[in-house]
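Next up: the structures, one after another.
In what comes next, chain A is part of two complexes: it sits with chain B in the first one and with chain C in the second one.
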Partner chain A sequence: MNTSAQISNAKLNRRLLKDKLFTYAIILLAFLSSVPLFLILFELIKKGYRQINISFFYKVAPDTMEAMVAVKNNEIIPGGIANGIVGTLIIVGMASLIAIPVGIICGMYLAENSKGKFAGVVRFIVDMLQGVPSIVLGVIGYIWIVKPITGGFSGLAGSVALSIMMLPSIVRSTEETLKMIPETLKEAALSLGVPYHKTMLRVVLPSGISGILTGVILGISRIAGETAPLMLTALGSAAISTDITEPSSAIPLLVWEFYNDPNLVDMIWSASLFLLILILCLNLTAKAIAKRWKVQY
Partner chain B sequence: MESTVLEKKEVEAEVKAQPYKVNNMMQNPIEKIESPILNIDKLSVSYGGDKYSINEVSAGIAKNKITAIMGPSGCGKSTLLRAINRMHELYPDTHNKGSVYLGKEDIYKMNPILLRRKIGMVFQRPNPFPTMSIYDNVIAGYLLNGIKLKRSEKDAIVEKSLREVGLWSEVKDSLHNKGTFLSGGQQQRLCIARALAYTPEIILLDEPTSALDPIATAKIEDLLVKLKKDFTIVLVTHNMSQAARISDYSMFMYLGELVEYGKTKQMFTMPKDKRTEEYLTGKFG
Partner chain C sequence: MNSEKIFRYLLIGSGVLIVLIAIGIVTTLFIGSIPSFKEFGFGFIYSTDWNPTQGRESYGALPFIIGTLVTSILALLITFPFAFSISLFLGEYFKNGKLPSFLRSVIDLLAGIPSVVYGLWGFYALRPIITDLGLNAQGFGIFTSSIVLAIMIIPYASSLGSEVISMVPGSLKEAAYSLGATRFEVVKTVIIPNAGSGIFAGYILALGRAIGETMAVTMLIGNSNKIPTGIFDLGNTMASLIANQFGEADGLKYTSLVEIGLLLFVITGIVNYIGKLIMKKLSA
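Let's turn to the complex of A and B:
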């Protein structure tokens, strides 16, 4: 009796120890997965902070000669990334204008007809779209817009390529959000004699606004940093370009250009830092909206 | 040996001829209502295929009375209620036979949107619009249908409707808060106010108190009794004592069939159909 109790005590202690080890291992691994972000931020801030000043936001990217002189004299490189910021805002804005209405309406359709055959096909295609490599979307933008419509590289072509890219995240987040909304809400509106389209647009959609907006913002943050599709469509521009039929710059394109120019290499860090902070802010906004605007029913 | 077989057959024949023993065989278990506001005529509803959830139901609904629909789960009472304002059509593949007349109009030939403005509905779970304030919830029927009202008209409708459901004194200082922050019973009364605000002729209630506690239930019951002077009320309920307490007429449905329909007092004291009696005495259900 006594011995068996002792044995089981020893066993128990071993188990408790195992349990503890396991817990610590999980905490360690969880910690490790959050390390890269901080290392990246640390690295970018360390190398790029000197470059970020007011002119960084309103001056266009410097040319090689200016940069070379500055580096020789051991000064910080003059100029900024204003052409990239304006280009990114316009291209991403246009892409959102195209993708948000289409994506939300498509998501509504999928949520409303969850079992339909056509809806199944659409859902499958949207999922496949998510897996299309971004460079392929660039090629598509080139073939669809650059050659036949704008007759040359253009911001519009970049927007179209990016809008296809952000579509799946909007469609799926809208669908998932609307599926969570109780059917009784729709019934309540319909039983008041409200037509179906008004029920969807004025009762169901606003109730899911936080989830939908979160999906939209995550979609934006995903395309804001895309480079590959823009290389084949927007190309890049040394000046600030507000004409969407003309080649346009974008922040990720600038990073790529800086990388290719030995004299401008130092600009990589500040441009990357700005891009990263922009995207982090978008993600934080998405989180805040999901929390703050959550509709209780 | 032979005689027992014969006896068995005889008994079976008798049972077939008289499947349900009727207490008072001279009376029709379905009472005829004089000048009903709503006339259900041989209505059958199917959710797809040949199986009908309700079968050839015929009944008149008396004006300014409370009519309770009772029956065990799956008997078709909610289907019957939803068929009255065509909410059952939200499910795909529904089809129905027979007709329902509101006054002289066949509701299945009306536009469902206009019909639902005449026949309001309150659901099992309180479902105020979560994005709207209490105030907007009450006038939601007007807001969502794009009917323009003056500020004073809106105020008057909101106050009148909330007074009618006894919610005015409880919420008059927080009219612009979200309706979802109210308690369950208050939310349900808000939903009734929302249905009333649109001044329908008939209000359908689908087990309106089954998600509420006894105090909130009592409040809603009192409210319904008060409301019947202005509206005709049809109520689905699981709760027999609720039907006995507040309804003027009762329907008993079983397996999609309207078994008995008549004055509540009479049905509860002297049911005409054996099945009604068994249900009311708790033998099944």
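Let's turn to the complex of A and C:
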């Protein structure tokens, strides 16, 4: 007697146990994925904080000899990453100057022509551009700018490569933000006799500014840490260079140079730490903007 | 011309510019690879030789195509259990609250770490472990690169998944619960069949990322020009080959590298296209 009830009870217990185990596995695996982040942060802070002082920000990267002497005397390697900071600011700034206007206008075009055939083609191409590996864009920057225009490695070539890289995220965020803005807002402006372009630029665009800004900042943070395309375009420079037709350094390029020079190895951690903090700040800013000034209608 | 018209031309012009950029990229890569194609023909794709010695120059892409595919598919396999767990965690088990928002921030931050920093971490922290385990004498190789790549693509593989999982209609899940299903059974019989293709599309897009990833792989894979014999062997990917050799290349080697770039462009294009196709079917 009761055997069938016992069997079904045992079966139920097994099902419940399975459910429990699965839940624990999900939680465990999900949180295991966050471990690398903390390991990386820990490693960078532990090994990098010693090098970060005031001269880190205004001195250029040391040469091998200086570093070797300092390491021998067990001192902190002199010098900083000023050439990288200036280079990154100029290269990323130029890339933004190229990509932001084009990206916003194109996003506006896509939002306004959501069903057009040509707009569909453009949307498809933007999606495809998003997936182009950064190293391929480096090759493109080399062929388009380094060879024919600047006649040698240059910051400008790096900017062009990076601008293509950040374009898709600006276009898509602009399009998606503008699509959320109610048609009535536009109609209200048009009905008051405001011309179309003023309606778009003075009414629709400002109402979506937070979403667009978020996309722009995320685009910048995406390219700020890029190394591969810059290796083929900007190359790197030991001095601070403000001429965009000359080779230029950048923080990620410096990390790569330090990595390849045994004497400078101690510098990689501070340079990476600084780069990481810079990018994290950009990400947090983007998040804060998206949260605070959410488009609401 | 009035400003109204200028504005409309500007809008269309920006679209035309994007199309021109894309056409420009493709034609540039094509023209750049013509000399190499003339020399090697389609043999370039399946030749295993990469020999830059003057006079006996011969270039083939197969070791790098295989290296790229093995590294990125292995990375995807390693990432799968973690990314799937995150998708379920954020999309079904814990949608709101402090823990999930913590996990979300962590994943966002993982996506923000530059590739070169991942490479450094792999080189200084992970490589010694691989060496200690005796998997590879120096700790370099496909396996090491794949682990780092797997961490790098977690954000891409998990985000789309959690989105589609959270969009599975509540009524379907409730129907299953009302029949006495446990949560695990709901996941198995309702959520996965419903959100499966979206989750899959996320993995395909993550694969596209992994294929094009350069710096971390360059620092860890060992850069050998031979076809890898196993997952603990050294290898090379298309992206890291370009990164390593483009600087000093000219002549035949230069155009061969451009052709590698073209192949890389095509492969990532196909992978991303498949991913987008699945996503499109999903939203239709």
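Simple rule for what comes next: the second predicted complex is superposed on the first by the 265 of 297 C-alpha atoms of A that agree within 3 Å, B and C clash if a C-alpha of one lies under 4 Å from a C-alpha of the other, contacts with A are read in each partner's own complex, and residues count from 1 in each chain.
Following the convention adopted for this analysis, a contact is a pair of C-beta atoms (placed from the backbone, for glycine too) under 8 Å apart; a residue touches a chain by one contact, two chains touch by 3 or more.
Here the structure is a predicted model, which means the values were calculated and not measured.
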{"item": "Overlay on chain A: chain C relative to chain B, clash or fit", "value": "fit"}
{"item": "Touched partner set for A:185, first chain B, second chain C, both or neither", "value": "first"}
{"item": "Partner chain(s) touched by A:223 [first = chain B, second = chain C, both, neither]", "value": "neither"}
{"item": "Inter-chain angle, chain B to chain C through the CA centre of chain A, in degrees rounded to a multiple of 10", "value": "100"}
{"item": "Touch count on chain A, higher of chain B and chain C", "value": "C"}
{"item": "Which of chain B and chain C A:194 touches, first, second, both or neither", "value": "first"}
{"item": "Partner chain in contact with A:61 - chain B first, chain C second, else both or neither", "value": "neither"}
{"item": "Contacts of A:23 with chain B and chain C, given as first, second, both or neither", "value": "second"}
{"item": "Touched partner set for A:94, first chain B, second chain C, both or neither", "value": "neither"}
{"item": "Nearest-approach distance, in Å, of chain C Cα atoms to those of chain B in the combined model", "value": "11"}
{"item": "Contact residues of chain A, present in both the chain B and the chain C interface", "value": "195"}
{"item": "Touch list for chain A against partner chain B, complex", "value": "182, 184-195, 198-199, 202-203, 206-207, 209, 295-297"}
{"item": "Chain B residues within the chain A interface of the complex", "value": "85, 87, 90, 113-117, 120-121, 123-125, 127-131, 140-141, 144-146, 178, 180-181, 191, 194-195, 198"}
{"item": "List of chain C residues in touch with chain A within their complex", "value": "3-4, 6-8, 10-15, 17-19, 21-22, 24-25, 28-29, 32, 81-86, 88-90, 93, 103, 106-110, 112-121, 123-125, 151, 154, 158, 182-185, 187, 205, 208, 211-215, 218-219, 239, 242-243, 246-247, 257-258, 261, 264-265, 268-269, 271-273, 276"}
{"item": "Chain A residues within the chain C interface of the complex", "value": "15-16, 18-19, 22-23, 25-34, 36-37, 39-40, 43-44, 102, 105-106, 108-110, 112, 118-119, 121-122, 125-140, 142-144, 164, 167, 171, 195-197, 200-201, 221, 224-228, 231-232, 235, 252, 255-256, 259, 268-269, 272, 275-276, 279-280, 282-283, 287"}
